[in-house]
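First comes the structure, then the notes that go with it.
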Amino acid sequence: MKIGYFPGCSLHGLSREYEESLKAIVAGLDTELVEVDDWSCCGASSAHGSSHLLGVALPARNLAIAEEQGLPEVLAPCAACYARLASARHEISEDPQLAGRVNNVLVRDFKNTVRVRSILEVLKGQIAGIKARATNPLKDLKVACYYGCLLVRPVQVTGGYDDPEDPSSMEDICKAAGAVPVKWNRRLDCCGGGLSMSRTGSVVRLSAAILKDAKAAGADAVVVACPMCHSNLDFRQKAMKHRGAWEGDMPVLFLTQVVGMSMGIDPKTLGMGRHFVSTDSVLARTAGTGSGSGTGTNSAAAVAGEVG
Amino acid sequence: MSTTTFIRTEDLKGLVADLRAAGIGVAGPARTSDGAVDYRSINAFDDVVLDGQPRNSLKQFFLPPTEPLFKYQRKGSDVAILEISTTFPPRVILGARPCDAAAVDVLDKVMNWDYTDEPWFGRRAATTIVTFACPGGDRSCFCTSVGLAPDATRGSDLLLAPAGDGYVVEIVTEKGQALVTANAKRFGAGAGVEATQAYRDKARASVEGHVPARPDVIRAWVDAHFEDPFWAEISLRCHGCGGCAAACPTCHCFDIVDEPETLTEGTRRRNWDTCQTSVFTAHASGHNPRNDQCGRCRQRVNHKFAIYPARFNDILCTGCGRCARTCPAGQDVTEILTRIVAMATGQGGAA
Amino acid sequence: MDATTPAVAGGFEPRITAFVCNWCTYTGADLAGTSRLQMASNVRIIRLPCTGRIDPMFITKAFERGADGIIVSGCHPADCHYNAGNYHARRRFAIFRELMDFLGVDTGRITFSWVSASEGGKWRDVVNDAVTRVRALGPFTDYRKLVVDPVATATGVVPPEHVGKEVPA
Amino acid sequence: MARIGVFVCHCGENIGRTVDCHGVAEACKDVPGVVHSVDYKYMCSDPGQQMVKNAIAEKGLTGVVVAACSPHMHEKTFRRATAGAGLNPFLCEMANVREHCSWIHEDREKATVKAVDITKTIIEKVKRNVPLNTIRIPVTRRALVIGGGIAGIQAALDIADGGREVILVEKGPSIGGHMSQLSETFPTLDCSQCILTPRMVEVYQHPRIKLYAYSEVESVEGYIGNFKVTVRRKARSVDEDKCNGCGACTQVCPNKKIPSEFDCGLGKRTAIYVPFPQAVPNLPTVDRNKCLLFMNRAKGRPDTCKKCADACAKGAIDFDQQDRLVTEDVGAIVVATGYQLYTIGKDQPKDNLKGYGEYGYGTIPDVIDGLQFERLASASGPTSGKILRPSDGKEPKRIVFLQCIGSRDPQKGMEYCSKICCMYVAKHTMLYHHKVHDGQATVFYMDIRAAGKGYEEFSRRAIEEEGAQYIRGRVSRMWREGDVIKILGFDTLEGEPIEMDADMVVLATAMRPQPGIDALAQKLSVSYDQHGFINEAHPKLRPVETNTAGIFVAGACQAPRDIPDAVAMASATASKVLGLFANEMLEREPTVACVNEANCAGCFHCERVCAYGAVEHKDIKDRAGNVVRVIAYVNPGVCQGCGTCQATCPSKSVELQGFTDEQIWGEIQALGV
Amino acid sequence: MTELRELARRLLSEGTVNAVLGWEEGPRGARPAFVTTPEGADTLIFDHRCVHNLASYLSPRRPHLKRLGKVAMVLKPCDARAVAGLIRETQIPRDKVVLIGVRCGGVITDPDSTAPLTEATVADRCRGCPDREGHLADHTVGTAGPGFAGPSKRAQKIEELAAAPAEKRWAFWQSELEKCVRCHACRQVCPMCYCDRCLADKTQPRWIESSPHARGNMAWHVARAMHLAGRCVDCGECERVCPEGIPLGLITRKIAQVVSERYDFRPSDDPAVPAPVGTYRMDDPQEFIL
């Protein structure tokens, strides 16, 4: 299967491990990622807040390029990128006037034929393949699947591939990888999103509540599919502790890493060492997951130190 | 008449120009929008395409697919008839095939049988047919098996056969002579008929042997085998589309309809019809004596090779092979006739 | 110029045939009458029980008989006296209209509308708009020319060789 | 040859002012087939009608055209006059030169030309009219009512009281339906069972009602006035003639742990059971899926437990009883199959429904639905009317009601409003406050829809006098922490998120039609909407008829209904049925479709477009009795005369009488130039 | 081919069927064949010249089913759509015919051509055809090429026409339709035209004038297009058999596009899929209605 691939800035920066693990697992799933040529910002965070047209035209530009490349569908692993691209597609298809304006801005003949897929949607379609390739099923790993706000909502934009209020696809994927999803409550709560810098206090309060709930449910790790969620839940654990909102260490994994571990892919390849909270406890639980567990936690901590 | 003259290709072009200039219509085999060749109106000799047999025949020049016969008007209980002229302006058909020209002559018999068909003979009188000797046919041609030939003159007014830089012209009829006389400057001395013999022999060889030349045997067998399972067998394939009849130069059945145009006015028309469809023989009662395709397939062979010969001592087929070429289901008259001869002569039977 | 304005002397007055359902549009047209709503006099109504009864052949036949324009009108969706006749008609005529357009008929000549029994005013507007539109398009000579009048033939205006399917030579 | 008479009416000045009526009559004289053409001041007057009658007699007319007003005005008048002169009334038609001509045009010349055209079209039509006769269909004057809830009970009683026999078929072991499960009813808070059970008994005792409980409709054939219905009488394993309803059998049944359907799973029943004490008929039923004997039989083991049979003094228990098929002839059918509640859990019967897993229904025992609350509040319920939590039997002090669960939610449930929930939630808060004096009821709502007599007052009372707290907003998620249910929601009036704790939560779930309604509707050839609700013939004017003549609909199988609505509909269907049964023969206008059997190709496009199921398959046989063709047949009793079949028929082998192709062709022809 | 012949021979010799409808080598190329003996099975062929839609022979207008009893038919994936249509419209009982599916990678247009199957020669309807084998068949034999990608030339021509002004379209169609001689070959060969008495043959009333003048021709081709709307299986037989070379496929294809765009319907080889005309949705688009 060939699918278009829109990395967005996070997968080439903040969340390189997300891209690394994604690329590592798609190879095993007979899927080829075709990167969108000359892709640009999806418009998340700032564009749609400042100009509606810009907020649609920016993602539309990327979709238009994908269309010209002959790609019928594009995977946007970052939840924010996914939301922007899918929203743009939806808005343009609903509003012919907007479509005209966007085409004027882009100076392209964009027909809006490209379907936008989230990582959940793509992996959900590969569950049989994941199951078949789970040479190292993660039997002892209890995971709290965290969806956040953008992955399955709103249903008009996502096309309803999962229940927007009571989703199950991430659990299903983790189950296919052999892990045990726990039942917990805050899996669709807000992590604080893009307010990490501007209102750290809010992020700490919201994200800590999520982690606590996951811990109470007995999770060994939280699984996410969004660089921003990951950053808030992983990197901000230190700040949570500082402020007395949280104790302990909760590894936060990308869904692709969970799948990768089940396939027995080397943790280094999966970028397991790039997290702030050590994933050693996870790797220890998933015995058989390669031997080269040089996780490089220290260097990550050093980076955290710099940032802090 | 059997005099010959000669026309150079250049003069042939000039002849067409002269005729057009004189207001005389000229038709000949020419290319259509979908790439086929039909007999159709031409402006210049350069339009004429002599390769291959035209898709249509000459039939429609004398019996159009639809033709108004008269118009009627009603007022209260009165009916008034408005006649339509059956006199036609002169025209020349240039580049006719011998098989197509012959077909017109075959049809003259039925058109002048119990009643003289005025529109038919009106058009016949107005039309001069200039035939080009056939360069040879394909595997479906069998004119020599029905008493004709690639260089037959039957039905033609002039017969042209290529020689050197032009054509040897056989003047067949008075009408042909009149055309030559009226355009005398375009005709002149040239090669004689003997110069075209090789051309004629080659053409003849290309069509011979596709069907045994035994029309008498065919007629006798058809007459004697009305209920033969052979007809059911060949009809399996037939869709009853009547494409064969439309393409045929001798199929001439027509239907007559009154077409009202308003409450009180209308036109009586005659339109092509074909024995291959069920409505052709459907009675108003609902009964249909020829209720399946078996009877219809038989009828076509029967009419051409037995009924017409019986009535007019002439075969209603010129061996042009169009029915075989046009059939969407691969029905082939040469195969049917060959098998009939084989069955009749004890060399094979219905499969 | 609106539809009710008499055309200039000798001007073209379109002939429009309307196929309407008995329960909604015919009754709506009755209401226009009882309300004395003045409208163009170019439309001739043929009453059917339901738009579901209207066959596309009616329309081609009306064109053959010299209609310059057609109106097809019935009950609004969900109002059909027979539940669903108008829904079937809607599909039928959506396709028919596209076919006509593809064959080169100006679809401005064919008006489709939903006019309820209470919409006398809408019926007047539908009539007047159709008349104005078809008047602007002119007589549908294309359709009438499809067959040359054999009377003209008989009187020698047109040579018979040009009638119908005859191959001119 | 046609002999048509044309009669042009001046309508006083109404037509004559703008149309030259005499000119119209003169112009029509030239039309072929017209033998008589006159104009007159008032055609509809007695002398005018007499002119028509005289002309028919004197001129031997074969058709009459009256150019006057709209046929909607006087078609009946002139057809009657025509019939009076001995001519078939359907050979008379009207040309509308008033509403469609004289009243809408001022230019006399143009109006006259148009009037001539209009008259000519009708002349051409009448020339092609053929005599038609009113269709008469015999009527079997017995009715079938499907569903023994309050709607079915009401319909059955009203029809039976009207003097006609009724067959009442109920799927479950007892009639009574959902109403028998309710505690009190809004807005009067009167006891549901107290008002219902007398009606149930009345049904049982009525001499003209034949009750088939524990039965289902197997198949339906025929048409209005002449249905043949096969009913499957499911095996109860109890001989109803022998059983005296003593209940000894249910006492001894060892399997006592079966969740009771009647108590919505909150109570238990035995394998041989009477669903509730007031059940009608008061007959026990063996649940063969739960009875030890039958479970053993299913596994091929010998019969062991026969305690109930042993306990029965009458020998009424019959383990070998089989389903029986009985056939009944009826002339009308009332569908009153009622509703079910939206399934809240994750497993849904349809792809477009998602359920509300986020509310923890099925995983948090103290999250229940509205009908379960009814059972808790009911004096005959599992807690004897005490509001107690299913999990621990404690009295909930904080109870939260969520409205619009599955209703008005196109994403996860149904688009429509379930209509009754606002009222029953208000009722629930009141019942709760009456029973738990120190408790607090909170309601999350979207709107309060209290349109009904006394309804608004009732819901205001719940809030203002009885202290229910109403929060406008929806709940996004609920989970359990300890024995507390955490609720996360949003107050849209305050604009604030809300987190609150509750001891118990009641979900006011949407009303959906009963499962299997689509199969039943297909048996009956009635249409249903995308939700499965039976479609009414016309939303305003024929609300209790279906698109199939002779089949009527009452109650919540047509749309969400409360009790008074359901009862009103039921009585309306009864009045329709009794009206239909007023005569032995049913008379119908002859404008129905008719198949040309010789030409029909049997493609059944007509069947597909017929909204009434009037098209049937007819076998054409040869002399040996072999079926050689299957063609369409239009049942004239069912056909309503829309003619969609004819427009759809490729070969025009079905003709609508009165509007044949020939007639319309003539009309178009008349307009030719 | 061996597989096909073996199967046909087996069906005939075991008496499962009385005849096998397939293709054979005729005097002018591939043509429909009716094999009634096990030995005859060796004459069966299947290759890219087998363009004919044999489903026409199953239509009840034909005596074949009646005369031959139970038959087997060799079925291209596209022909399966026609058979499905006939089953859907209750024209043939499914149990009266054994369907031998052949895998197909496209056909050419002329059964008498010696041209190989290439991008240049492939029949237009095969361009973009996704089906290598039909789903209706009882048996499936043979192997198939990869098929051919679109776009269809007809679709291009339709776009071209659609872009032209209405007068141009009118002129184009008049020049084409005036050629029609009303032989009705298009009808006779169409698997979906099976009425015992066609509307065009009816005289009371005469909706479609039988005269092959432009007016009668217009009425005929409009009626044909409407009757096939949502039913046409795009086998292209009407266009292939037209003795006057009228591009009838443009009309049927155009209508198929309209039906597909408006009602999301494509001809299906599943008899259970309802045709779009004869059904409706309450929210069908109605932008053209005032």
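Just so it is clear, A, B, C, D and E label the chains in written order, and each chain counts residues from 1 on its own.
In this text, a residue touches a chain if its C-beta (ideal position, glycine included) is under 8 Å from a C-beta of that chain, and two chains touch if they have at least 3 such contacts.
Predicted, not measured: the structure shown is a model, and the values here were computed from it.
Enquirer: Between B-D and D-E, which chain pair is linked by the larger number of C-beta contacts?
Expert: Higher contact count goes to D-E.
Enquirer: What chain lies closest to the overall centre, CA atoms only?
Expert: The chain sitting closest to the overall C-alpha centre is E.
Enquirer: Where the CA atoms of chain B average out and where those of chain C average out, how many Å apart are those spots?
Expert: Spacing between the chain centres: roughly 44 Å.
Enquirer: Could you tell me the distance, in whole angstrom, between the mean C-alpha positions of chain A and chain C?
Expert: Using C-alpha averages as centres, the distance is 60 Å.
Enquirer: Could you grab the centroid distance between chain C and chain E? Build each centroid from C-alpha atoms only and quote it in angstrom.
Expert: Those two chain centres are 34 Å apart.
Enquirer: Would you please write down the residue numbers of chain E that are in contact with two or more other chains?
Expert: 181, 197, 199, 206-207, 209, 211-213, 277-278 - these are the residues of chain E that touch more than one other chain.
Enquirer: In chain B, what residues contact two or more other chains?
Expert: 65-66, 261-262, 269
Enquirer: Quick check: in the complex, which residue numbers of chain B touch chain D?
Expert: 74-77, 260-264, 286
Enquirer: Spell out the residues on chain D that touch chain A in their complex, using ranges where they run on.
Expert: It is residues 346, 354-358, 411-412, 476-477, 479, 486 of chain D that touch chain A.
Enquirer: Residues of chain D touching chain B in their complex?
Expert: 30-32, 120, 124, 598, 669-670, 672-673
Enquirer: Inside the complex, what are the residues of chain A that reach chain D?
Expert: Within the complex, chain A touches chain D at residues 155, 160, 163-166, 168, 185, 188.
Enquirer: Can you name the residues of chain E that touch chain C in the complex?
Expert: Against chain C, the touching part of chain E is residues 158, 161-162, 166-174, 178, 181, 199, 207-209, 211-215, 218-219, 222-223, 225-226, 229-230, 251, 254-255, 258-259, 262-263, 276-278, 280-282, 284-286, 288-290.
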